């Protein structure tokens, strides 16, 4: 238990440069906060108690920086990391902001764009490794369409696979200690994005040359946009050994990408998510991919960042209480109880087992009659969540 | 081209017994049509020109039928098939209607329910094979939750996998010529259903003991409910060799499961879907998993069924026109043009290739400046779709 | 403060007969609970501590009951009310379940249906008044379309208005002390329902002959289905003097109508809603229009009903704490502070005021620079909601 | 009929400066097109055949322009209007882009912001009137919240009403021939926007001091974002005499604001909308509030603009065909047929009429048994839409 809810390094709370560095520009409005340098953002994150900071290549080094400018920025950034003790656990490539990627990066119809995207990625991987990143994220924000007239989607998948295979070989060739985590999103900024959910990414990974190098980076907001149960996707990834990273934030379903403070929208979903991550012993970064409301100045940005971590820690404590709650455990045990009479029908198939199973009489009505007490179980959860139990 | 748009056996248009057999009951209303027997429904499908008919075990044989009753039903059904020439290309198990499945079937917490679900499935597979089905569909409509307090979702995935592995072994043991097709749905009738999309199913299949036996049965409405681009999921399945079956219907996004007449809601999405299936040479059933509006009598049910097939055939013809349209092809060719100078950077990785790629100068601004003519391409598509080109 | 969170009559918690009486049938499954009589349901509600019970005409009296049967049912129901002390604050007409309403009731194309709907409503109003109902709800569940080919929507609005005007005159004629509350829903069971939201209902009311008799009955789930902020609609209705009744439950956005236990899905939205109702002094029924999960027996139904009321009372206490929280109040006061220098520009228009306002210099940048502390305010709310403040 | 589908002035096709002037910036990407001046955009619109051009104050005059700069811009703009013959039927105020409006304009907590918003609006109204606008639109893009902790929503509604009443008096005072049209949007850029739909706006208008001056400007995309049937809202506004303007575009439901080319997403909804506008004789602007894909250069922008108008004209022709189709008309007539026997029960209420109605025997089963042929009616519509009938 952590009654103070203070973030500590062992919690592995990380933020992207682009999160606390957001200036508040949106499709209908101008920036409301002055941009800070990467080094300044590191100090801000140090002040609020984060463990690490992640970046896109161009968060750190502008796309048109000269080598001299790049070196100066890296020097300042490195110093800030040293001063604050922050780590860089993850890095990624910006393959979406520049107009060159307006039709996608790895899946663009123009071969020049695809080649440039690959070049930019190799450079960005080197940059990430230079700062110690152990996970490399791919979010293909422009890999999609507004009209499916533009491209056969099977071609897009093939192109995406070719790029991913190339990148894996590059990492192997360089002997980088780097895992890849793919991040799905159903839409925005494209009308539809390929590999729309964490599930699609898991299916895609199975077709790669080096599936063992590639996992997923599920993001709360991206799955909630499609109204999907985020926990279920995370559990599938975890159970398949593919949960390499996670992006925590919040989002109202069926809307533009909101990137809200973690737990600020759907407390109950956040609770079950934190409980799962803690129960299974997920040991990677808890990365907050979110940003402060546009109503905030930089003090509000710190409030935002502190809130993300605080809510996580409160929910972590509540998860422990839930696990220790006798009524909760009694309901779960009762529903799963078995007297062993059916054990012979489970596990590995055998013809004899199938025969025995088919001969077994089941009393459907009796089995169905039992109330499962899920309303009570859920109300106990709500009581715990509200601190009245 | 088929100017008459008349369904023929080679189009492989199939309907489930439950589709034209729907009596129009919904959560707020009583049936509006008297139930027909399976045999009567086969004659109705024969009358409208369908190629085949699919069923859940209990569409054909009620869950509490005696063996004598079952034989009588099967005899009538077999006669109707013979009289009409209809095939049974697909069968499936109803693991959702009976109260015994109120907490799921393969993933239920009660081991008795899981064992019974397996028993029921083995019996239903035999029934399907008896009528010649070559594809066996699994839609786990109750495999989900209203509250995630009830179960660790990783346990659910494991239970689901155990069942699927058992079933595969059974099919192998029996030497049935049967492929399995998994059908995803994000929610309804449960609050959230595990393996929510076709993508999640593809990820799940990769973890099975016999992935080669198992593919997917994507359904338009189920992916549109989550606002996903259905074509993209179908293309991913196809490209991975996993498109074993398809359920055609229509649906407004973000709503209850509507199962509308194919093409009646989103004509453009239906167009690109038909175009893809025809372009790649998909040879499986075009199964319409839909039902008539509740305003209809059985004449309206026939109108509904005829409309599904007619719209498919109209769109098929339009797809051929689109492929033959010079302006369409010119835009696509122009955007994908390459002069070969970049060919050396694609394909299998080599260290030398990476070095060369990184040394290549790209003129970002020049590449980005080109307009891609997708507005024009899409308008040409709309013109074609509306028959004014 | 109510540390025991026990429901009391002054809380005005009511349930419909159809809520605790739901047998768990859904589009994909059979009933899981045996039906109870209206009287039995009244005793159940008395046991859990409800204040009142509401009904559709056919919840109490089946549509095909004989007069004798009706009298017997009413007698039992009346006795149960007397035994338990429960009130009947609201009644309504079932204009959606019978096949006769398959194309709508007041808006159906068939004049016979429209006339029958009106007849049924007059009878049902008498029945409601007989049991003391002071609010009469209209939910036009079938007043909509699957295809807009079937009807000019302006005709539907006109027909709906004619019916509502007729009903108002009837109530006036009979001198019934009855207010009307219109309940909106965007879709389900029809593809689209007219007057889709509480907002549309408010617009519609303004066009009636007796707008003063007619208000709204907003339902959480119905607005959340469309992803709308329920509180905003409730506030608009309240502010316009039109909040005559309210239906409390919960719902995941963009889905089938879930009718979940109040507060079980979106705790934060439920908190702001309860706070608003309590802050403004709403004195009507808190009606729970929800039902227990299909996994439950009748003990679970009681758990469900108790949970609805308990969560409301917990949130009510939290709202009082929020109002008393000094940090909350300080942030709100700071943001709304004014020194009086602008007072002359607000309030009723005058030409001089317009001239003065236009001459006033505003320092846009200075005004914009201030951080509004909404992240902090929201985190304090989350802390309060979770009981850690 | 207009086989050439060429836009003409009588079609009243208009575009906002911000539509064809969009540079393609989005939340994840930089501009892809160089900005054009207002005058250049007028010439572009003239080239594609538009009738008029609309603007926000700051589309024409940047918020920080000097008077001299403003005069120069207006001169160029005026010349372009004269050269092309384009009209300015509508104008509006930008109350969302500047950081000063980060917490709203008329509803902001800071009184200085509210006063400044009013000042800016009075100036912008003068500018609109100067160029001949007859309709003044209000879209309160920032009038909303990310957390309802920030403000009592009833206060927001009151503030909004005060502003609207002030503006109406100003227009009356100045004797401007100007009507006001309120435009709703459920969310984006705020988490939730007050008066979320056209319905809410109609309800709000009924509470104003001068409801006769104020109508609505419904936008396809804004209602489709919430999954609502746009036609139904438009019909309600029209039937209430409140359809003062309309914004045509397209949008996938449950997503970020897409502003797609009219008819490019949901052809069937677009068809019924055009049919309604033409059938009822709507005589206002057909304003396209949309923008070209980010993949386009300015040739693509013209393709986009031409496509909007062309699709409207194609649909208009199809609507005429639909109205003239004998099968369509036969189905509609059959369903609405009455023999006059019920006429006495409709129309104005009288006690005698109520008595007679209640005495009338209805044969529910017989009425319900009739099939309504809506599947056929809808398929005929689809056939017409696809040009195969």
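When the chains are written out, they are named A, B, C and D in that same order, and each has its own residue count from 1.
Please note the rule applied: a contact is a pair of C-beta atoms (placed from the backbone, for glycine too) under 8 Å apart; a residue touches a chain by one contact, two chains touch by 3 or more.
Remember, it's a predicted structure, so these values are computed and weren't measured experimentally.
Student: Quickly list, by label, the chains bordering both chain A and chain B.
Tutor: C, D
Student: Given the two chain pairs B-D and B-C, which is bridged by the higher number of C-beta pairs in contact?
Tutor: Between the two chain pairs, B-D has more contacting C-beta pairs.
Student: Any idea how many Å lie between the Cα centroids of chain C and chain D?
Tutor: Computed from C-alpha means, the inter-chain centre distance equals 29 Å.
Student: Please compute the C-alpha centroid of chain B, do the same for chain C, then give the distance between them in whole Å.
Tutor: 38
Student: Can you list the residues of chain D that touch 2 or more other chains?
Tutor: 32, 98-99, 102-103, 146-147, 150, 187, 227, 252-255, 264, 293, 295, 368-370, 372, 374, 378
Student: Within the complex, which stretch of chain A touches chain B?
Tutor: 63, 98-100, 102-103, 109-116, 118-119, 122-123, 145-150, 152-154, 156-158, 162, 165-166, 169-170, 173, 186-187, 192, 194-207, 226-229, 231-233, 235-236, 238-240, 254, 272, 276, 279-280, 328, 332, 335-336, 338, 342, 345-349, 351, 354, 357-358, 360, 362, 364-365, 367-370, 372, 374, 377-378, 380-381
Student: Quick check on the complex: what are the chain A residues that touch chain D?
Tutor: 24-32, 96-99, 101-103, 141-142, 146-147, 150, 187-189, 191, 225, 227, 252-258, 260, 264, 293-295
Student: Would you pull the chain D residues touching chain B in the complex into a rising list?
Tutor: 5, 32, 227, 252-255, 261, 263-268, 292-293, 295-301, 303-304, 306-307, 310-311, 314, 318, 368-376, 378-379, 382-383, 385-388
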